[in-house]
Every structure is written in C-alpha cells, then in structure tokens.
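Labels run A, B, C and D following the written order; every chain starts at residue 1.
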Amino acid sequence: MVKYRVFVLKGDADSSELAEKLGKGNVSVKKLKLYSRNLLLAWPDSGKPVDHPGIEFQTSIDSEFILSSREWKRDDTIVDVGGVHVGRDVTIAAGPCSIDFTENIEEFASQLKKAGAHIIRGGAYKPRTSPFSFQGKGTEGLDILKKMGEASGLPVVSEILDSDNLKDFNGVDLLQIGSRNAQNFQLLRKVARDGRPILLKRGMGNTYTEWMATADYVMSEGNGSVILCERGIRTFDNATRFTLDIGSIARGKNESHLPICADPSHPAGTRELVIPMTLSSVAAGADMILVEVHPNPDLALSDGKQQITVRDLAKLAESVKSLRQAIRV
Amino acid sequence: MVKYRVFVLKGDADSSELAEKLGKGNVSVKKLKLYSRNLLLAWPDSGKPVDHPGIEFQTSIDSEFILSSREWKRDDTIVDVGGVHVGRDVTIAAGPCSIDFTENIEEFASQLKKAGAHIIRGGAYKPRTSPFSFQGKGTEGLDILKKMGEASGLPVVSEILDSDNLKDFNGVDLLQIGSRNAQNFQLLRKVARDGRPILLKRGMGNTYTEWMATADYVMSEGNGSVILCERGIRTFDNATRFTLDIGSIARGKNESHLPICADPSHPAGTRELVIPMTLSSVAAGADMILVEVHPNPDLALSDGKQQITVRDLAKLAESVKSLRQAIRV
Amino acid sequence: MVKYRVFVLKGDADSSELAEKLGKGNVSVKKLKLYSRNLLLAWPDSGKPVDHPGIEFQTSIDSEFILSSREWKRDDTIVDVGGVHVGRDVTIAAGPCSIDFTENIEEFASQLKKAGAHIIRGGAYKPRTSPFSFQGKGTEGLDILKKMGEASGLPVVSEILDSDNLKDFNGVDLLQIGSRNAQNFQLLRKVARDGRPILLKRGMGNTYTEWMATADYVMSEGNGSVILCERGIRTFDNATRFTLDIGSIARGKNESHLPICADPSHPAGTRELVIPMTLSSVAAGADMILVEVHPNPDLALSDGKQQITVRDLAKLAESVKSLRQAIRV
Amino acid sequence: MVKYRVFVLKGDADSSELAEKLGKGNVSVKKLKLYSRNLLLAWPDSGKPVDHPGIEFQTSIDSEFILSSREWKRDDTIVDVGGVHVGRDVTIAAGPCSIDFTENIEEFASQLKKAGAHIIRGGAYKPRTSPFSFQGKGTEGLDILKKMGEASGLPVVSEILDSDNLKDFNGVDLLQIGSRNAQNFQLLRKVARDGRPILLKRGMGNTYTEWMATADYVMSEGNGSVILCERGIRTFDNATRFTLDIGSIARGKNESHLPICADPSHPAGTRELVIPMTLSSVAAGADMILVEVHPNPDLALSDGKQQITVRDLAKLAESVKSLRQAIRV
C-alpha cells in the first residue's frame, strides 16, 4: 500500500513552490484548501521529513483514508448545517422516510422541533430495489420539505441521487448521499463542488475503510463539511433488518476528525428497536442521529414499520440528552 | 414451521393427566419443571385452546425458541450466581482472558472487586484455532480462579469444554459455554443437568434465533438459570475483530425473559474500543458485561491487545452505573 | 409485497386501450416494447386474469424482479454484442483490468483472439477506494481499447461511470456498469436509453434479488440487451478476495431469461485460483466469462496479482470448451 | 503469529534425540507418526535450519494450519474408506439426510449403488436448532445404515455428536463431524483417537483457515485419514440456503494434501440447485461429493426440499464423470 505525506502550511505560505519541489519522478502531488488551511499531499511518501520554511506540520499516513484521518487534524471538525453545529452536542435529525403527505405540514414541522429535532429530514428522491416501486415525490417533496424548514426555522436534509438535480436542492441545507450511491464517486465529486455540507451514508456492503475513504472524495474537492453516517451493514444475522456496526462508530470517532452520525431506523427495521439502537449509537460516540418520524407511521408509503411517532421522538430526545451527560462526566 | 402450545399448570396440579390427554396421534408432549412451575409443552399445536381445570395459563408459540421466550413468561428471570442477582442492575464480570499468571492472585482479585466487578472471570480451558497454541492451564487455572473468588468473596465464572471435567469445576459458580461450542448440544444438555447457572455465548456464525434456541436445550433439562451472551458475529466488516450485534441484544430483551450479557472484549479486539462498546451494549439493554481485565495486558498469553487494566475497569464501572441511571429515568 | 401482472400483446395489437382499461383507481400501468413485443405491466395485480382480445399471454408475478424473470419469457435471451451472441455457447471476454500500457497493442489484441477471447475487455475509468489511487487512463484508454478491437476484429467492453461520458464510449460494443454503481439507478436508466447492450455487475453487498432487479431498471427503459454478471460478494470468509456466489448463477439461470456472466478474477484475487473458479462458474451455468488478462501481470497498475497471461487464457479457453461439452451431453 | 518447523525423519531414525535437542527454553516440541513417517514439530521456529543426521526433510511453516498443509507433504493424501480411495477419482457419497424410513432398505441401497454412489450416507443423530425437533433415530438409524452397507457392499458414513456413542458406530466406515461441532475440539480429539477415517465439515461461521486447522486437531492425535468438507457458509445472500464457498475448495486443493469433499445439498436448499452446485464443486477441484438422496424426498422428516431422487443421482453421477474427464485432459 502507498504511504502519503500530508503537509499543513503556515498561514501565508504558498504551497506552489513546495509542490514543485516534491512533484518529481513518480511522486504525485495535490494542493488543497481545507478548514482555511493550505495543504499539500505527496505520494508515495519517501518516509523522510521534508525541510521547507513554509511547513507548519507534516506527517506520514499509512492508510487508505487520508483527509478524513485524525492523523493530520487532531481536533474535532464541527460542521455548520444552517446554524446547527454538528459535532458539539448530539444533533437529532428527524422526519419522514419519504415525504408522502401534503397536509398539516407546518404543524408537523413544529411538533418535530418541539419534540427535540434540530434538523428536519425528508426523502423526495428514493432509490428503490424495483423501478416500479414508489420513487418519492421529487421536486414536490422538496418543496414540502423546504416549507417544513421555514415553518419550524430548522435546517433540512434530503437525499440527492443525481447532480443534475442540484438546482432543485436550493434551500436544502444538508445533502445526503445514500447507501446505494456511497461509492458513486462521480456523484460525490460533483455534489462536493457545490460546497454545501454533505452527509455520507456508508454503503451496506462497504468496509469501515471504504466508508472513511468516501469522505476523501468529497474533501479532495475542497469541501470539508462532511458528516459520516453509519446505517447498518449486510450480515447473515436476522435479528434486525441490517446490523448496526457500533464498532465502526467507536473506531471512527478515534480515527477521524469528522462528526459521525448514526441512522438507527434502517437497521432496526421495526419501531420497538429504534430507541435502544439510538441510545446504543450515542453511547458508542455518535454525534448525530438520523431518525425516521412520520405523522402517521402506519400510512407511510415506504418503511412504515420502522418509523416512530413524534411522541416517541420526544421521549427519545430526552433519553439521548441524559445519556450523553451521563457518559460525559 | 411447527407451532407449540405451552401450558403453565396451577400450583398443585399434576401434569400427567393433561399430558396423557394431549399426547395422542402425532402430538408430542414434554413435561417440565421450571422456576418452580409445572409446565407442559405440546406440539404440533392444533391452534385450539385446551380446556382442563389444572391449567393456569396457556399460549401458542410460533417460533424456533419456546422456553426462552417471553410469550409464556412475561417477567424478567433473575439468575442467582453465588448471591449476585443477574438481571437486576448491570452485573460486571471481569478478569483475565486466560489465567496465565500465578503471582499476586489475591491482590488482583481484591483490585477487581474494588474497581467494581461483581463476578470474577478467568479462562482455564481455552479452545484455540490450532492444537499447538496455548490451551489454558486447566485444573491449575481453575484452582487459581477459585482462590481469587475466595480472596475477594466474589463468585467466579469459567468456560467448560467437556462435561468429563465437570467435577474440576466444583466451586465455579457460573459455567460458561463458549462460542465454538454454542451448538454442541450434547455438552449443553450434560452441563445443564448439573443444575448450576450457565452462561451461553452466541456462536460467531449463529443467527439470533439459533442463539435463543440454545437456551431451550438447557431449559429442556429443567435448568432455568441461563444467561444469554452476545459476543460479536462474523461479518465482512474489518472495523473490529467481530461485529457486536447490538440489535440482537435489544431484540433479545424484548422477546426473552432471560438476562442478556454482552462481551465487548472479543468484538473490540483492541483496548480503546472496549469502553465505547461496553457502554453501547448497556444502552441497548444488556444486563451483564463480561470484560477481560489483566494485571498486565501486554504480557498476556492470549488476546493481550483487547484486555484492559484494573484502572480502566474502575472508570468503566462508573460510566456503566451513570449510564444505566440515565436511561432508566 | 406487491404482485404484478404482465401482458404480452398480440403482434398488431395496440396496448393503449388495455392500458386505459386497467389503469384505474390505484392501479399503475406501464407500456413497454421489449424483444419486438408490446408489453403491458399493471400493479398491484388483482389476481384475476383479464379478458381482452389483444392479449396473447398474461401472467402474475410475485417477485421484486419482473422484466428479467423467466415467468413471462421462457426462452433464453441472446444478447448480440457486436456480432457475438452471448447466451449461446460460453463467451469469453478477456483483457486487462485497466489499460495501463501503450505498446504492442495490436499484437496483444491478436494474441487474445488466438487464445480464445470473443470479446476484449479493458478498463479506462476505474472506481477506486481512494481518490488518490490510479483512476484509469480515461479517453486515452478507450482509444487504445478501440484500436485493440479493430486490430483483432473483436467487439470490446469497458466500464462507464458517468453518463456524461457516453459520447467517449462510441465504438465500445458493450457498456459495463460496475459493482460500485450497481444500484446507481440514475446511471442505469441513462445508459439504458443509449440502446447498446449492457453488462450489469452485481453489487458486492447486494442480494440475489436486488441484482436481478437492477436489470429491470435497464429493461424498463426499453433496452432488453442485458447481461447479468456475478463477481463475488462480501462475506466473512478470507479464502478469497470475494466469495463467488455460484448458487446465484445457478438460480439466475433457472429464474431469469437473461444471459449470466461470471467474473472469476475479482473473487479469486490471485492467479492460481482464476482457472478453477472459471471452470466452476461455467459448471454452474454461466454463459459468459469476464477474465483479466495482462501482457505483463506483474507490471499492472491495478489488480496485478489476479491477472493471468495469454498463455493461461489459451489453456483456460480449452478447458471451458470441453467442460461445456461434457455437461451438455 | 508463531512459525513452526516441521521435520520428517529418515526411515529408521528416532525422533527422541532431536526432540530433546530442540525442546529447550521456550521451544515446544511434538512427536508424531503420520502416514508411516516419524515427524517432529518445533515452535516457535528460530528460522534457522537444524543440522541432524536423522532428518530427511525440514521446512518452516508460517500458517495457522501445519499438519494439513502441503508445505511438508507435497503428494495428495488418499484416504481409504472401507476400500474406496477418496482423493483419486471423484467419490460420490449419497443417501438420506436422516434415516427416517424402515422399509425397502436393501432395495434402496442397491439403487444408490447402481446410480453411481461409492459410499452410503445416512444421518442417525441430527443436531437441530430446537431440542423439540426430530433428532434422528439414533442407534436404530445406525443399524439400518449398516444394513444398507451390507446389502450394497458399500462403505457407510454417518455423523457422530458424542464420543460416548463411539461403540454404536462400530461398522460405520467414515465418521462425520458436523458443521455445528466443527470447533468442538474435544470431540475431534476423542474421535481421532479411534483411528477411523474422519470427514470434517466446515463450521458455517468458520474461516478457511479455521477449517483447515480443524484437521490439525485430528492429525495431532496421529490420525491422518481426514477428508475436509465444504458445506456452505453464512452470508447475507439469499439466493441459496448457505453460500457454497467454491474458492475455499480451490484454495484448499492448492494448499492442503488432504482430499476435499463438497456438500452441495445444504447450500442448495432446493432440489433444482443441487446438480449445478455439484458440478460446480467438482470443477473447482472437489475429490468427493456428499449428496442427499431420499427414496421419497417429499416425505422426508428433515430437509426434504433439498433431497434428490435416485434417478437424479444417476444423471448427476454421469455428468460428474464426464466433467472430471473433460477438465483432466
């Protein structure tokens, strides 16, 4: 495996000279600006520290994920989602799997806020196994979601499947890349260039390392506002719809500076398991929870069985808060 | 799949008459005494309730686990392990993966107790992938473990591989069936007849249902003192040594009356992950934690990387306590 | 789960009238032309046969894949890839993982043909875990691949990552959708509309059913020239890089009318296993093999360890031929 | 990981002197007789060749399986099962999952032989998920199996769950250790000492390496008559009941001198898939097939759906033979 050397440059230092110096022979070089710092990446790393007056810090990284690694950025990255600071306290994003209703929108949005949601989630474009299943309400769904945001004053998040739709997502504060597109690198790059914060779900068949490395695709476009989201992996186990990989949350908190989100709804598959699996995720270190809440779960057009009510959300938010305080002490 | 009908009989009622009445044609019948109650199992169930004066309660169970199911026993079973009541508060069992030291035994035992352990664990017989790897100290190890128990006044738990060794386990309060023997049904039956409490680890390749059903093997011998232990399953994921199946703990708490234990040490594989994975298990509902603690982890003959120190244990026990209180409220 | 009813219409019958008749209330209807037949899909199916003079054949399908199912089309679909009829005898597509060489192109192409290849494969756009790994030579690679096709007179296949690149793929006879984009439904739809034959690799984390259903995305755009390709799934097993799912090939042959391809190179991971895993795939029923062959495997920029030589290919092609004859008798 | 050094001694050389010379300090030594050769195992290996006149051959093995490895024994081991030489041509063992019938036994046995079976299989002790499911006919079943052997003149194989039953297995030519007991090392050791050939099924949750290493448990007791059997592993895939790990068969043939068997019936789960999965196994290199055949599959008390008829077996045996010849050329 290739080793990489990361250089963080001094405030006013220009990376071009250093890039030119290093980029000889078979050495590749990449200049980047992330978190207001000039960075330089060079690989394969010779293993020897480089002497140059513009360098503030340098390190060698022997991993398949570089930019998302804590090895060059020790402090936690806080991602600003429309004023909500993800990575500080536990952020709760809540709302319907897909927006399949048109009534009492504002009221539902207010209820979510009151119950403890900091961000409203809602699916408008839904990737489904079959082309003949309900695929979401598209732009109509996005319009409803934006109205929910306005009514409540909360930022909103929704999944994007195609960069051609980016303009329709104006007003959406956080762009979600779903599990099925986790390694759709073209989509990652194009959405990254838009500059908005991105929520990267782990592919249900992806390893921990592959998941971490998807963040590098976004960050290599100069966009450091990435939240990584564990949503359960495929295993032989039949206890739950997917197996929530708690260990990858804990390891991700150790090894990456990015905030980690957990989606307990998809692995749970049924309502009763959503609460314990949420608490479990927060205890493992999750900074954010993405939970499916529906005004009337039994009428939902997709994933009804795993959506909870606003009343459940209120209880959950309470428990999350006290749990976080308990393990902080 | 076959359906079963479970009958709980009235205090002084005899099950023989009912057994005779039901056990006709192709119907199988099994008489059992569990938790001081006379039970009767009949299958396949016709679906019709049976009318008989001796019946206090009856129900039809459509599952591959019957006796461990909450469907016939709603209240939580509390297992008495040498005076420690597993299933009430969170019980912590701590000690070395294998007993590979002979010095300062009593002192280490006292340290474990002081740090918050309620039960002392220690391996004497170790199943290893290769016959040439260290297989544990056998009876010598058991003797050391018993001394640790005596010194601290705590009950002890150790893994048993062969029912021929049962006499050597005299003085061991809780008998552990390991992951590799999870479906060694002959061992389960024979150890069950001994009557002592049994800790049943889930096989690393077993489904949730298979795990639950292993308890039925023990209970069908009339031994209801069973603790079910999740210890991580085999998946493609490389974040951790095994994938801790948090969902199966949560579902197990809903569906079984038996206490659920979690072993965070084996799935973690490294020290840093043991604490978050322990907290995660407790948040999911675990009643007991089985954690590897070594006087000197770096010198351990097996699994050194995943064993924590007594000092870590003390911190962990504190966090577990406050977490449990937080989510109880 | 929703049931679907598929109608195959008589030669000159118009489906509009039937569509109008059926598409009432909550019933959805889709008109399609596939394999020169007018089809109509209606769901949810009421379960009752529909009486209409234009219907030649109708059937109810209770599955998540409809169009790729053998339930409405009994005969094997033969896909014409630049004159090669995939689905008749075993088709061998061979060539480098990625085109990373520029010399002796024509000679290598002729060698591949002589060794038994019917189609030449070569990667120009490579999706890699890290954005800093070699991503293929892009259009330059495609140009080389086309030259190889011209020199040998064989059709060529290459992976497409982005529909924006479709024009660069002019001259490429078979468009491959890779494992990471297996559920990138936008890409599937857009490439399908191009009309060329498509090779659909199974996602490494996708179930059999999900894989089969990806073909429905292509076919619902009116493109029936689909080859399904099994390339190994993610499992806990460490014997090979991926676990080749032989059972899904066998089941796919039973349940789908589409040709099934196997990629033995990715699951094998090492050269020595490519030959037995190829033979194994053909014995399970595979119609096509996609095998990585490099002029100099040890110098390859990606997946060198699993690429075989032209000499190996010649032997392999011989064995494949005799094996197919043996099991045909 | 520990390295091992294996010494094969000259015909009349005594290993005691060498053992004494090597077994100093922390070096462990094991004397063994396998395949009529005196062996010595010493670990950890210093890496330096040992000079001693009694040594015919020595090698260092850096793996978790030693005795089953081809690194010290290049030639294929042929296991004699009651006169059938497993490891030469493809051996077919066929018969019912469990012996659940008592009529026309001799006739059925003759039919199996005529259809191409070389060994008759039949389960008498069945490990089942639930203690209340049919557990086999025990000694009665073994008696019927032996009668089938006598009637046909073929050797017989059956699964043993408990070494206490060894005497009941007198007359059984090949002792099978099932998937659930694959790492029941006490059973492996005790049955190994009996001296008869042993068929070792891979645990459904065991890695390739763990499977290979189970053979070392048998061989370390001086019993070299081991056949390794792949029977499908647990994965997320739902195409088949288990995922037949073709790659582990191919890799096992490269790395181990022991014969490899495949059980296509359990992974297939349904009749239609048994034939292609058998052929697939043979193409991957399997030396033996263990296939479930029932006089009346639809009446079978266990696994009826995956059992084939004698007529199917005859066709299968023909195909296996021609396939083997085809790939041999």
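The definition used in the following text is that a residue touches a chain if its C-beta (ideal position, glycine included) is under 8 Å from a C-beta of that chain, and two chains touch if they have at least 3 such contacts.
All of these numbers come straight from a predicted model, not from anything done at the bench.
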>> Counting C-beta pairs in contact, which chain pair has more, B-C or C-D?
In response: C-D
> Which chain has its C-alpha centroid at the greatest distance from the C-alpha centroid of subunit D?
Replying inline: A
> With chain centres defined as C-alpha means, what is the inter-centre distance between subunit C and subunit D in Å?
Replying inline: 37
> How big is the gap, in whole Å, between where the Cα atoms of subunit B centre and where those of subunit C centre?
Replying inline: 48
> Just how far, in Å, is the C-alpha centre of subunit C from the one of subunit A?
Replying inline: 32
>> Can you list every residue of subunit D that touches 2 or more other chains, as numbers and ranges?
In response: 205, 207, 209, 233-236
> For the complex, which residues does subunit B have touching subunit C?
Replying inline: 234-236
> How about subunit A: which of its residues touch subunit B in the complex?
Replying inline: 205, 207-209, 233-240, 243-254, 267-268, 272-273, 276-277, 279-285, 319, 322-323, 325-327, 329
> Can you list the subunit B residues touching subunit D in their complex?
Replying inline: 2, 4, 28, 30, 41, 43, 64-66, 127, 129-133, 161-162, 180-181, 183-187, 189, 203-207, 209-210, 213, 216-217, 220, 233-234
